[in-house]
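Shared between the two complexes below is chain A, which pairs with chain B and chain C, respectively.
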Partner chain A sequence: VTTRPFFRVVAMLSVDAGRLVRTESFTPRQYLGDPAIAARILSDFECDELILSDISASRRGTPRSFDQRCLAEATRCPLTVCGAVSTLNDVESLVAGGAERVGVNSLLGNDDGLQRFGAMVGEFGQSTMVASIDVRWRDRSLVAFTHGGTREHSRPLAELLSRVSELGAGEILIHDATRNGGRQGFDTRLLDALAAMTSAPKIFCGGARSVDDLLAVAERPGFSAAGAASIFSVIGPNDAPLIRYAATPTRQQRNEQRAHSL
Partner chain B sequence: VRTPSDRIRELDTRHRPITRQCRRCVLDSTVPDLELVDGICQYCRTWGTHVGHTIDTDPARLKDKIDALKAGGKGRQFDCLMGLSGGVDSSYVLMKCVEFGLRPLVIHVDNGWNTAESNHNIAALVEQLNVPLITKVLEWDMFSDMQLSMLRASTPDGEVPTDHAIYATMLSEVRAHKIGAIVSGGNYATESVLPADWGYGASDWRYIRSVHQLFGTAPTDQFPHYGLDELAKARFNGPPTVRLLNFLDYDRQQAIDELVANVGWEDYGGKHCESSYTRFFQTVLLPHKFAIDKRRAHLSSQILAGAVTRDEALHELEAPTFDDRWFDTELPFIMAKLRITPDQFWDIVDRPPKSFRDYPNQEKNVQRIQAVRYFPAKVKTRLRSLRSR
Partner chain C sequence: MQVAMSREQRPVIGCIRYGTGNVSALTLATRLAGGTLIPVTTVADLANVSGCLLPGVGAFGVASRSLHSSHLGEAIAERVNSDDRFGVFGICLGLQLLGIDSQEGTGSGLGLIGGHSVSLGDPQPRIGWLSAHDVHTSKTTAPMYFCHAYHFVADDPSVVTQRTGEGHVAAVRSANVWGTQYHPEKSFEPGRQILTEFVDSLKGSAK
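Right after this comes the complex of A and B.
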């Protein structure tokens, strides 16, 4: 389907105090159920990757409000976990608990935290550590945020991006905080700007309206994955909760094959 | 080595030997109140005489039903409310309703045990048929506590909290959207035989609540429920439930083929296995702990409807109810999801079976409501059968 076979379509899950929620601008809007069953369903749909963010973690100061054992039992696809990860121990326990990769957001907010992120990369390797950065437009320039889009970063975005690449982030997860949960389509101006700022591998999410939006990102240089939450978790004009990996190429192809064989 | 599946199958010895068997269907002495007369059980003898439980494939009758639903929906946003689980029955009746030009509101109750298959099928139907869907997601911490308390109560009613929540949700949606009727996938072709002692309680909130008070901890105020008064109101003055499949020549396999061809539905085999809890409950716990093999009821229904022969049914029953791989692929997840240890799981399995009668309940009153409500129809059916004799 795409000329870049390793491009991944990622399902994003937000967890608030153990409950799976749909967010708009990072604010919980709708209860979607138990995160573990969502992970199981998405795994069975042969989802490329799951990124689970515990959005309540930094607010409550307790990491991992969800049941880690259950999530690990449920998940059968690559899993990245984010949320109030600040120490080497946090990373270790998440990896031991079944996460392939660990995302770090709030920690990147200051120089001391950036150093610690570097130490995590040294300990667990590039392939484990993901730097997660939230971005918003202000006038005509992009501003970096941490703490789930609530705290503005003191450095310019371009500088922060190159800093985390230097520190060895395996990938940079970039979240369009403005369009989060809005389903009005990706901000292509933002995608252009990000591609110009850094060539490091990036995961982009925030605002996907359809799977086509996600696949269109594959055509751009420097993006290794694109993610979405709403289109995989609600359906129809009433936004009825329904977890699925909607019309991804694999499933679409399978259905076409079936249609031909009938 | 004694494997987990040995441990499950050893439970069968509690219920052996099978002493009696109906000559016409495949019910046997695992049905505690089986009454054989000339070797024929009461379910076979009374088949086709239950109120509203008939198959009538006269196209005129179907048209009457559809027209009545349309007339009832005049001036309203929807003609009927329909529950959708993603299983064959509810999927097929929805597809048919849209084909007949009805305007349903579709409701899915998510009890936390959905599967990729169920969700794929719900999405396929909703998108292909372009029908409005609403989902009621039960709070998982609360609902899992209800479900676990029912398992600890050791009665064969592990699906009762789900069934109760579904009907409670439907009643409140009917009220909220001023809908005149419920169209259900319930059908006489595959569900006419259901032994009375095989399960109880879907309408008995006192039973569900008292079991939860004994074995649960989480608050239940968010649990969708209805008491006796609301049950009576629904039965006497509420929306009628129309079992539309009883007016079609409902054949399960043909229904699956149509669904696959028309909406890209997926078949995953096994009745009611659109949920991993249902699969656990109906294929592992019920048949071995309680000697309730639901396949016997479904196959008996199909024998009486003429869809399968008794020999075919007996052959099908020789297959094990579950696949041994289930212990590796599903059980660890189920235990993790219910937050129980293997010891707690085996404790649930090994507890001696109990009945709802061991707990506070309001069976008498639930029965009274049903009896009074269906008395006139019962008389009518009786008169009709006397006349035709």
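Right after this comes the complex of A and C.
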């Protein structure tokens, strides 16, 4: 009998000032439509998990821009919500809105914020809180960023990863800021480096070309999920908007496959 | 006691508020399962419902303190024990709150099911889709969504109805007390089935 949850294929939605967008290197490149409708479609496809991020709120210092209607549609499936989460009240209201997990990025930018993240874990439980960290290569080393990849962290990446684990992050969501939206495939050197830095459960995203790219991450130790946005939101040579959960095997199929391989 | 039903004969179920809980997901899931969910924040609110949900998402100590300071904890236990038509369904943390206590924090649960919650240990926490099996039929369930760092250990194994592959409790049932470690409200159709059974159990008791 299988005992571990299987690897999750995560659909990611980025919301910029209330509009669903596709990003490249964390910069909005294409307007895709209404995030509530996209969330509805992905939950109709019964996706493993949805990560809904407001990418504009913390950078512009504005409130989160997705509304209750969007959350209400997204709440049909396992849901992690990110975007300018800085207080216990933010977490409480997002959980009440239907998210069972909340991701924190900008708050991790300084020591005071890290402490507050620890307090969120104490209040809402380890399995509720996700630490979201953006990474880029500089020369041959990896650098951690917050604020949607715009602000460099003062700590080395390895130290930040172990700090958020100590504070009780249930999972660490890692964005490859360089390959975000590029669809050239995952940076396997980056995956190797991350696996060497921490054994904490990680969700990786940034650069997927296909669902196979996502599923291949399952073979590596320490990754519990991989996410993608573009392959689930545009199609064809002209990047026509089409929300879908492209060719992901059903959980029942994956369950049976795994049972056979044991 | 009168069984609370809305006009369309949908059992009215209380969502117990303890400062956390994914209420809007549960409201929708309850509607799809044939019931109507309303918030319960005070002991007086309990008079208006024919059953209640203890929602998941949160930490044991914080939820326990809130349940006791609002006196909802003892009121629910009293209602469940005195009225066998009144059902309670605990989800995830809510299941753990049905027990005595938890390693996750200080404070006590409702004591409706004998048992204690302990850390899953390494690797923790467990997040994602996993099949359980029915302890009576050995049949494997469809994959359900789990999101937890602690698990419930029942004193009396006969209340356990489903277990995961490593033997952890996935679901319990003891008369009118129900609980799942997984989130039925996040598990699509298979989750809706168990919520529908719960809602139907309240309906069946309507006179």
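Definition applied: the second predicted complex is superposed on the first by the 240 of 262 C-alpha atoms of A that agree within 3 Å, B and C clash if a C-alpha of one lies under 4 Å from a C-alpha of the other, contacts with A are read in each partner's own complex, and residues count from 1 in each chain.
Here is the rule we use: a residue touches a chain if its C-beta (ideal position, glycine included) is under 8 Å from a C-beta of that chain, and two chains touch if they have at least 3 such contacts.
Model, not experiment: these values are computed from the prediction.
Peer 1: Scan A:D213 for contacts with chain B and chain C and give back first, second, both or neither.
Peer 2: Once the two structures are laid over each other on A, A:D213 reaches no partner at all.
Peer 1: Is A:P201 in contact with chain B, with chain C, with both, or with neither (first, second, both, neither)?
Peer 2: Only chain C is touched by A:P201; chain B is not.
Peer 1: Considering only touches as defined above, state whether A:D187 meets chain B (first), chain C (second), both or neither.
Peer 2: Once the two structures are laid over each other on A, A:D187 reaches no partner at all.
Peer 1: Looking at the overlay, does A:P237 come into contact with chain B only (first), chain C only (second), both, or neither?
Peer 2: In the superposition, A:P237 touches chain B alone.
Peer 1: For A:G125, is the partner it touches chain B (first), chain C (second), both, or none of the two (neither)?
Peer 2: A:G125 sits against chain C, while chain B stays out of touch.
Peer 1: Contacts for A:D134 in the overlay, against chain B (first) and chain C (second): which applies, first, second, both or neither?
Peer 2: A:D134: touches no partner chain.
Peer 1: Should A:R69 be classified as contacting the first partner (chain B), the second (chain C), both, or neither?
Peer 2: The first partner, chain B, only.
Peer 1: Which parts of chain A are touched by chain B and by chain C alike?
Peer 2: Chain A residues touching both partners: 72, 251, 255.
Peer 1: Which of the residues in chain C come into contact with chain A in the complex?
Peer 2: Touching chain A from chain C are residues 19-25, 28, 56-60, 62, 93, 104, 123-131, 133, 140, 142-143, 145-149, 164-166, 183, 186, 188.
Peer 1: For a test of understanding, state which residues of chain B touch chain A in their complex under the given definition.
Peer 2: That would be residues 108, 110, 112-117, 119-120, 122-123, 126-127, 132-135, 137-141, 144, 260-261, 264, 276, 332-333, 336-337, 339 of chain B.
Peer 1: Report the residues of chain A in contact with chain C in the complex, numbered from low to high.
Peer 2: Answer in residue numbers: 1-8, 46, 48-49, 68, 71-72, 75-79, 92, 95-101, 122-128, 170-171, 201, 224-225, 251-252, 255.
Peer 1: Over in the complex, which chain A residues touch chain B? Could you list them?
Peer 2: Against chain B, the touching part of chain A is residues 18-19, 31-34, 36-37, 40-42, 44-45, 67, 69-70, 72-74, 235-238, 240-244, 246, 251, 255, 258-259, 262.
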